[in-house]
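Should a chain be cited, it is by its letter among A, B, C and D, assigned in written order, with residues numbered from 1 in that chain.
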Amino acid sequence: MSKFEVPVGPQHPALKEPESFTFVVDGEHIVEVRPRIGYNHRGIEKAAESRTYIQNLYLMERICGICSVAHTTCYAQNVEYLYEKEIPPRAEYIRVIINELNRIHSHLLWLGIAGHEIGFDTLFMYVWRDREHVMDVIEAITGNRVNYAINTIGGVRRDLTDEAIAKARKVLDILEERTKYYRRVAAAEPSLISRVKGIGILKPSDAVRLCAVGPTLRASAIKSDVRKDDPYSAYEEIPFNALSYDMCDVFSRILVRVDETLEAINIIRYCLDHLPNGPVRIKLPRNPPAGEAVSKVEAPRGEDIHYVRSDGTERPARYKVRAPTLGNIPAVCDMLTSKADCTVNIADIPIVLASIDPCFSCTDRAIKFVDPRKQKEWIWSHQQLERYSRRKANP
Amino acid sequence: MKLGLVKWARTKSPWLVHFNTGACNACDIEVLAALTPRYDLERFGAILRGSPRHGDVLVVTGPVTRQVKDRIVRIHEQMPEPKFVVAVGSCSSSGGVFRGCYNVYPGLDSVVPVDAYIGGCPPKPEAIINGVAALLAKIRGG
Amino acid sequence: MSAPPEKYLAEEIKRVFGDRVLELKTPRKRRLFVTVNPGDYKEFMKYLAETMRITHISTMTGFDAGGKIEVMPHLFGLGVELTVRTSVPKDKPELDSVTDIYPGAVLYEREVHDLLGVIFKGHPDLSRLVLPEEWPEGVYPLRKDYKAQQPEPVRKG
Amino acid sequence: MTEAVVEAIIQIAQILLFPGFLFVIGLAFAYEWFDRKFYAKLQNRVGPLYTGPRGFLQPFADFVKLMAKEDIVPLAADKLLFNLSPIVAFALMLTAVLLLPISTLTGILSFPGDLILAVALMTFFCIIVFLSGMCSTNRFSTVGAERAVFQLLGYEIPMMLAIVGVALGANSLRIGDIVGRQAENLWFIFGPQAIGFAIYAVAVQAELERIPFDIPEAEQEIVAGWLTEFSGRKLALFRLSRDIELVFVAGLAAALYLGGPLGPVLPGLEPLLYTIYFIVKTIFVLIVLSTVRALFARLRIDQMVSFSWKYLIPLSVLQLLLVRLVV
């Protein structure tokens, strides 16, 4: 059978975001993957250099709408490192609570999307219905559903109210029950399992070699979690487990995320029980001292790393963001390429792509990746392809 | 009479094609949330379609980046007439917080014609439904 | 190890590289900044990867520091977030690629190449990465002399 | 002479109005509405609500809207096939419904061996799907078309075997006779044919390209599969043909397993009551189909085919043996 290219994206139902992957397929099997990223490149790093530190908070929030609070936490923390100041413990705890709520929302969202990608729309609808509970709590605490605007340099903007705490506790109970239910479904539903088990294998050695991060790495039997390895905020004081599964496939990525959701519920409960009293923010001078700092946060998708360089003015000299998805791109290309011992089908593309929980808006202040191997078979060039599909009967 | 029936059908059956031109995902998840049980856009007959050939309403989220510009124009071309474009969120309406960045166009309307704007960063699902309803009212009116 | 990991690592690096380490900073716990000459860069990275077993590269930052461009790979291992810094002259921005040591660095080096124009010698493929196809050659948006310019609207809004 | 004319007029009215085309098209819209509504309910949603009473007119509105939209023929497509295939598909399905016993105990068309024609028409539909996917030369369409045919290899045989079981049980290949047989005995679903019904329910899910077998138009993988390039009127016709096929498939299930339009009747009211029974039974089949659709994830094409060959076919052979023993 002749080889044949299937473009996925930039507008494709499997990708909620404009990225483009070109798959070279042989029948239903994928032999090569060539991603083209950059559709989402907005030039945030350049923009950050022309805004003040406070203004940049808004920009960082909007790097990614799903893990927004991870980016602002990372940013605020980074600038606080520049000042060499600690923020009040209550603020640290509130940050942890919001970060974990965000993780729950993100993982549930992902579980729904994963269901949708394998044509299991009922799961999608159910999970998203329950996810609305988290959104309610987040809205009660921060006032917003998606971009929370809770972090500020030197602490958080809003304190937790008693009603919000009561609401959070109630919702956590519902969520725990529902998440456990989904865990049972995931472990028992045969048509679901048949689509995810043994699919998208990423061997532990490859995961380390290609520098995968977050749940993708943890699903390949490597216990690596920034919250444990490089504890920030209040994570040093909070007891929790870093999880890992060793099946290295999509199924194991599902289990890691579902279990992390349960773990996050426990973390929030602990934080609510041990919430210290005191102020929630400190005042810091307008301009941080000259210097540089690196800050890392475990975003729902993995390690999020920011670097800041200050020259003592009110604007950063350089601000660098590396979001988790970029770190996982080489890994997902590896997962999607058929190897001697396992083949990958077209039908598996959506779920495998989704299994790293891609978030290209974060990633794309950057990147395109082309497999350097040259294909000898007949292939249409990108321009040909575009011209071809742009042709219409009535011009 | 015939036109009346067609107009009625158009307002009752807006099929959406969702395109992200470089958004931060916030608007996208809210667009998706509008389809889920709590909001359920299907009540209005709206369903999400994958192929631009099937769509009536192009729902665009996010600032238009240089690289995505050709794609959005092409998808807009692929859709059969009559077609409508909704810009969801501040970025899509004006460039939002990214206005002035070197890779971002100042709003979706600088690339394709837009019929309705939904403000917010991101707009809540209720606002999105309201925006779609406003578009339908516009179709009904003229 | 009784000493904090960043101190331990700093001591080790000093012991092996001696004067060739231009600067060594540990501003806070688990953070280490090391500056080396571009000539020693590759050897240093190899030492980190092979002797110290620091295998995870988080990202690579490029910074336009006036006449020079700084390239800063961020590594993580042994419980230390390690930033290596080396600077290349702006008029001849060339550096050895570390992709053979760190396969995960492929994308990061390309990003730095695309946005700052650093040429990594020995990199398998330095084609355009994040910028659009029609972006002019030789214009690097993250250099300080580039002024951000919004694209021209295609149609009147 | 006049009698012949009256009879001809009645026959034409039967074909065009009731229980022929018009009625079936109406039923097709109603069933799509029911399917969507029921599916939405299972997903905790409301489904169409504001188009007509409880959204009842939603499929009709979709149809009208599509008919009034611009119709694009891609330049690369084979014009003749591309234009013809929706019409042929529609015609095929309209022919098929004439075989269904709705208001009488036989279809409008009824002759020995009409069961074979019914099954053949379904297969033709799949071939049209293949041709229309291939002729639009979009790569998603092409993959969708390939998958449609590949899938046909999977579900066709167990479906045939299940239907052969019924034919053996009734000792006839005529749908009318099969219904007649059930008038005297128990409905076929009670007894060994229940296995056949289950196999049929699974196989038609694939025929209708619904979850878990919507592989040829899997949205997340290949956009809209073979339908990707169709727009406007052609899409409307394809969707309508699908809906009619839904009626047809449910009606055939009712005729083969649930005694068709049979039920307690009052003299003089037969056509009305038969129609009501027909609708009740087909809705029962529809509920089964919709539930299956909501409960499963989409299978992969190779999984589908191997599932069919590993389980469905042995099961249908077993069913044949059982039927043989009982009869």
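Heads up, the rule we're going with is that a residue touches a chain if its C-beta (ideal position, glycine included) is under 8 Å from a C-beta of that chain, and two chains touch if they have at least 3 such contacts.
Quick caveat: nothing in here was measured; it's all calculated off a predicted structure.
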> If you average the Cα atoms per chain, which one ends up farthest from chain A?
Replying inline: D
> For the chain pairs B-C and A-C, which is connected through the larger number of C-beta pairs in contact?
Replying inline: A-C
> Taking each chain's centre as the mean position of its Cα atoms, how many Å separate chain A from chain B?
Replying inline: 25
> Cα centroid separation between chain B and chain C, in whole Å?
Replying inline: 40
> Approximately how many whole Å separate the CA-defined centres of chain C and chain D?
Replying inline: 62
> Counting only residues that touch at least 2 other chains, which ones in chain D make the list?
Replying inline: 43-45, 72, 219-220, 223
> Residues of chain A that touch two or more other chains: which are they?
Replying inline: 12-13, 38, 41, 43, 46-47, 125-126, 129, 364, 389, 392
> So which bits of chain B are touching at least two other chains?
Replying inline: 36-37, 50, 65-67, 78, 100-104
>> Which label fits the chain touch graph of this model best, line, ring, star, complete or other?
In response: other
> Considering every pair of chains, which are in touch?
Replying inline: A-B, A-C, A-D, B-C, B-D
>> Show me the residue ranges of chain A that touch chain C in the complex, using the header's touch definition.
In response: 37-38, 41, 43, 45-47, 50, 81, 84, 208-211, 229-230, 291-294, 296, 303, 305, 307, 309, 317-318, 320, 322, 326-327, 329-330, 364-370, 372
>> Going by the contact rule set out above, which residues of chain C touch chain B in the complex?
In response: 131-135, 141, 146, 148-151, 153-157
>> For the complex, give me every residue of chain B touching chain D.
In response: 5-6, 8-10, 12-13, 15, 36-37, 40, 42-45, 49-51, 53-54, 56, 78, 80-82
>> Can you tell me which positions in chain A touch chain D when the two form their complex?
In response: 4-7, 12-14, 28, 115-123, 125-126, 129, 189, 191-192, 194-195, 345-350, 388-389, 391-394
> In the complex formed with chain A, which residues of chain B make contact?
Replying inline: 17-30, 32-33, 36-38, 50, 52, 62-63, 65-68, 70-71, 74-75, 77-78, 91, 96-98, 100-104, 121-122, 124
